[in-house]
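Chain naming follows the written order as A, B, C and D, and within any one chain the residues start at number 1.
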C-alpha cells in the first residue's frame, strides 16, 4: 500500500503522461467525462459519476476500421492501425470496471475484436473506490463492492491523500514508474474508509432491489408480459441511456465519403433508435415498445442466459440520472415486481 | 490538401445560381469574356429558394471555403416569390453561422439578373478575393475529407 | 449505377483553345459510372449528335453528360438526341465548360482542371438522375397584348389574321401610343397619323380583336398556355355602346383646365375628353380629377347635352377575368424626366423643350396648330439649337448608359423639316456622334447637312442660360475645332433619352418576366430568342425590350406574333417534368410546404399509408404536377425532406456539391 | 393537487375523457415520469409537483391516434407547443381535453446536485400547493436546503408568463417566474469575436454524444422520420467525430425549428451533457423578432410563420438588423 498527497497528484499525472496517454475525469464546460490529460485539463476526481462511462477508452464512440482510397478506378484498402502504445485510465469506479468485464465477454470472445483487444492489452486501469455513493447507485445488487474496486491498481481518496495499491503486474509496473512520488502507507485508513463506504451502500434506496426471477429461464414469460406496454410509453426513443451506459456494446458500421475514398467506421448505436438494425426489408422491431423491451431483456435476460448468469447491468445509475423521461432499469424491475404475475 | 506557406491559396467556392437570372448572368459574363477566378464552380438550381441550408453546410463540411447564392433580384423571381423565401432563410442561416463563429465573409447572397454579366463577374471576383483573404475554412470542414 | 457516356465538345476553338479536351476525356473516364468518353469538334452538329446515338447503342449507355456550352443553349438539343437514340431525355446533363469555363479563363491548365471538376459534378448528378416524363397541359387559344401602341397593334393584327382571338389592353383612353403623337416619320417623312390611323381602324374593326382601352392588367396567374388574367376596366363614366362620338360634351364641358397628356401638357383639355381626334375608340372618358360633377355633385352639363344618353356618373371600375394562352408585352416607352439636367434650363424656360414636345408643336393638331413658335411669347424662333444625348450614353447615374437609338434620326428629321418650312431659321445640332445605321438613314442625315444646311457641331453643351431678354445663351464646346462656343438661341430642343414606360415594372413582376437594370424586359436569348421572355408564354414587342424605331418595332411586333401563333397553334403543351414530389412515408402533413407554394399546387389528403407494416391513415401532401412549376420552395420548407424536386433532387445537388468540393 | 385529481376523476367517471396524460410519481423524490391513467385506481400514483417539468404536448401526437379523448395536463409554457402542433396538423384538438395546470416554476435536480447535495432521500417544498421559497432536502449526508429559485430550470428564469394559450379549463395558480431576459445570453455571445464564438460552441458541442434526446423531446421536431435518420440528404451519420457532425446536426436542427420553436426549453432540460441548446433556438427567435417583427410561435395558431412569409423589403442576408 502506498499513498500520495492530493496536492502531488498533478505531478503524478504529469509523470505518467510523459510516457503514455493518461485518461481521467476532466471537467469540460461543466460536465465531467473521461478525457486525455493535458496540462490545462480541469481534472475532477471528486465527481462520483462521469456523464458517460469510461467505456469509450476501450470502445470509442466512433472509430475507423479501415479506409478505402480511390486512385482513378483503382481502390486500395488501408486498414486502421491497432493501438500500440500503452495508456493509463485513472479513476474508474468498481461499477465501470464491471462494465469493462461485460464488454470483455462480448469483444474478447471468438471472434476476438482486435481493436478492442489491442486497447485492453495496452491499458492499465487505476480504479478508485466510491467515497460517497449516491442514491442512484445500485452496484451492490450485482455483487459489486464499490469500496474495494479491483483493477490493475486500486485507489482510495481519503481526506488529502490518495491511497494506492497495485494489484496486477501492469499495476506494479505503473507503481514502479510512479515510485518517486509514492510513499509507503499502512492499510488502516483504507480499511476504515471501506467500512464507511459499505455502511453507506447499505442505506442506499436501491440496494435492496431484488433481481429474483430475471434469468434466461423466464425468457418467454418476460418477453410476452403486458407490463412492457405500460412501461415504454414515456420513452422518447433517444439514446441517452445507451450512450451513458458502461455495458451497452451495440454499434453500427457505416461509410463516410471523404471525396477521395471512404472511411469505414463503427460507432455506438442504440437499440432505442428507429433505424437500429435497419435492413433492406426494414427493421425487425417496428414499435418503440419492442425496442424498449429489447434493451432491458438484453441486460437482464439474454445476456445472463448467454454468459453464465452475468447481468449486463452494473448498477452505476447513470441511466437513472440521465433519462429525459425519468425511466430506468430500476423502474422496470420494480414494475415487474409489483405486477407480480409473470415472475417474482 | 495542405497549404504550403509559399503556395498560393486556391479556395474552393461553390456558387448556387438560379436558372433564370443568375445562371444566365453567368453565361452572359462568359459570352462577354468577363473573367473571374476558376475557383468558382457553379451549381444550377431552378431558383434560389431551392437552396437548402443543408447544401451550404454540406459544402463547408466537404471543404468548401466559401458559398455564394445568386438569384433574381427581389421582385423579379421567375416564380414570383422564391427569392423572398430564400432571402429570409439565408438571412437567418448566415446570422447563425456568424453566431457560431464562422467568419462572416464565407457566405454571401447576391441578386444578379440575366442582363448583369458585369455584375456577376465583379461579384465573383470580389467574393474570391474575400475568401482568399479569409484563408482556408478550418472551422466547418470535416477533417476526414482532407487528402 | 448508371452507364454514363461523357461527350466533350471542342466548340471549334471556343472550348478547345483554353480547355485541354483530350485531358478532360482521359480524366473523366476514371469517374465511377463512366463507361465511355470522347471528344468532338462540334457536339451539337448532326455528326456530333450521331456520336451520342452510336455510343448509346453500342455501349448501352443509360446516362449522358455533354461538356459543352451552357445548357441554356443546347440542353434541349442533346435531350432530343438522347431521346431519339432511345434513352429518356432527362438522363442528360450538361457541364457548362464554355460560358462558365473556357470563355472566362485564360490559363489552360486551370481551365482544364475546372472543366474536369464541372464534368465530375455532372457525372455525379447523372448517377442519381431518374427518367422523367413530361405531363400535358391544354392551350387556351387566345392571346393578350399589353399596350396599344404601334407594337401592340401590329402584334394583335398579325395574331388575329392568323385566326386567333386577341385582346389588347391599353391604359389610356385610346390606342395609338407614342406614334400617334409624332408628326412625321423618318427617313421618308410620311405623316405619322396617316400611316398609323388605318392600322388603328383595322384593329378596331377586326372581328378577332377585342380592345380594352382605359384598362390595366391587375393580376396574372397560371403559366404558358393557361394564364388567367384580371383586367381592370377603369370607370369611363361614358357608356361605350351608347356614345356616338359626336364630341358635343367636350365642347360644352366647363372644366377645361386639365393638362393635355397627348400634347405633353403644353395645352389644356376638358375634363371629358378623347385624347386626340382620331382616337379609337372615339368615346371620351371623364377625368374624375377635373370633373365638377364627380367632385362636387354640381354641373352635369355633359349629361344634359348628350343626346345619346351615354353619360353615366355611377359607373364603377370593372374587373374582367379572362384566360389566355400567351401574353405579349408591348408597353412602350416614355422620355426620361429632366429634373437631373438643370444645366439645360428645361424647368426654367418654356423655350427649352424636348423633341417629343417639338413633335406636338410641329403637328397641325398640336397646341400651336403646327406653327413653329416659342411657347413663352408665341414669336417665331430665329435660332434653334438641338442638344443630343440628354441622358443617353451617360456615364454617371443621372441618365442612362445606353444609346436611345432614335434621337439622331429624329433630330435630323426635325432640323430638315424646320429648314424646309422656315428657311430663315438657323438650326444648330450639338452631338457626340451621329449614328445612322439603317436603310437610307445616312443619306437622310447627309441631306440635312448638305441640302438643308443644318449646322452640326461635334461637342457637348455645358449650359443653357436664359437671358433677361428671353433669349437663351448656349455654352458649349466644339470638339473638332477645340474651342469654346457661346451662341444665342431662341429655342433649345433636347433629345431626351427614352426609357421603358414606368408601369412595366409592375407588369413584369406580375408576369414573373425578368427585367434588366434599365427596366427593359430581358429576352430569352439576346440574339437567338429576341422576342421571347425567359418566362414561357410571355413575348416582347417594341421598345419595352430595348430602344428601337418604328420599322424595327413593327418587325419585332410581327415576330412576336409569329411566336404567339406558333404557341396557340398547339393543342397541348408538354409540361416541365421537374416538379416537386412528396415521399408519403416521410410526410408529416404539416402544411409548411403548401404555405410557400406560389402556385397552390400542393394539397393534402387523408390517406391510408403502409409504413413498413404500420398501417395508418395519415394526412399527406400531394402535388398537382400540372400546376407545379418546379421552383423548389417547398423542398426547403419541408423539415423532414419528404418533399423533393425531380431533376434537382436533394441527393443530386449534394452529389454535385461533393464532387466540386473533393 | 387534490383539486386537480378530483376533477380528473370526475371527468374520467362521466366519460368526458377516456384517459389522462399526466405524471406518475417516481421512485425518487425528483423523478416523476409522463404517464397515462385510465382508471381511478391508476390515479393513486398521479403526481403534479415542481419536478413535473416534462412538456406533455408532444405525447399528444400519439394520443391523437387513440380512440376517444385524452385529458392532458399542460403548463402555461406547454400550451404554446400544443398550439404549434395544432398549426402543423400534428395533434387533433378534438381529441384533447386540456387542463391548464398551474405552474410556479419547475425544478432542475441537476442544479440542486450542483450545489454539492447528494444522497437525496426526500425533498419538501416542491409540492405545487404549498408554495415554499426554500426546498428542504433530507440526504444521507445530512439535511440540506436550497432556495426554490436557485433550483429552477433555466427556462423558468425567462418564463413566458402565467397565461395558458389554449385550454378547456384551468386548475391552480400560476406564477410568472421570470427574473431575466431570455436574450441576454445570446447577446453576450453575439458580442464575442468570431474566434471566441467558435471556441465557445466548439467546447459546448464537443460534449454532444448524439443521443438525440434534444431532438426526440422537442415538440417542434415532430417529423415521422428525421432527415438525420433518412437517406434523403445522405446525412444519416451517427458518428461523433472531431469535426463538423455535431455542428451540422445542431445548426440544421435549430434551422428546422426556426420560427416554429416556442422556446419551451425541453432540449436544454434533457441534454445529458448540459449543453445549452436553447442558445441556438433563441438566436433564431431573437433574429426573427429583430428582422421581421416580434413573433411568438404557438401564441396564435393562425399567425403566418416567419419562414413561410416575407415582405418586399426584408433585410438582405448578411446585413444586421
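By our rule, a contact is a pair of C-beta atoms (placed from the backbone, for glycine too) under 8 Å apart; a residue touches a chain by one contact, two chains touch by 3 or more.
These figures come from a predicted structure and were not determined experimentally.
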Pair of chains joined by more contacts [C-beta pairs], B-D or A-C: B-D
Chain occupying the most central position, where position means C-alpha average: B
Length of the line joining the C-alpha centres of subunit A and subunit C, rounded to whole Å: 71
Distance from subunit D to subunit B - Cα centre to Cα centre, in angstrom: 37
Centroid distance [mean C-alpha coordinates] between subunit D and subunit A, Å: 30
Chain centre separation (subunit C, subunit D; CA means) in Å: 54
Multi-partner residues of subunit D (each touching 2 or more other chains): 225, 227, 233-234, 241, 307-308
Residues of subunit B touching at least two other chains: 52-54, 58, 62-63, 75, 81, 85, 89, 144-145
Contacts with two or more other chains, residues of subunit A listed in rising order: 256-260
Footprint of subunit B on subunit C - complex, ascending: 70-72, 96, 98-101, 103-107, 110-111, 113-114, 117-118, 121, 505, 508-509, 512, 514-517, 520, 522, 526, 534-535, 578, 596, 598, 629-633, 635-637, 645, 648, 650, 653-654, 656-658, 660-662
Residues on subunit D engaged by subunit B in the complex (per definition of touch): 186, 189-190, 192, 194-202, 227, 233, 235, 241-245, 247-248, 251-252, 254-255, 258, 280, 283-284, 287-288, 291-292, 306-312, 314-319
Contacting residues of subunit B [partner subunit C, same complex]: 12, 14, 20-21, 23-24, 26-31, 33-36, 38, 41-47, 49-55, 58-59, 62-64, 72, 75-82, 85, 89, 113-116, 121, 145
Residues of subunit A that touch subunit D when the two form their complex: 28-31, 33, 48, 51-52, 61-62, 132-136, 200, 203-205, 233-234, 236-240, 242-244, 252, 254, 256-257, 265, 267-270, 273-275, 320, 322, 324-327, 330-331, 334
Complex interface listing, subunit B residues touching subunit D: 52-54, 57-58, 60-61, 74-75, 81, 84-85, 87-104, 107-109, 139-144
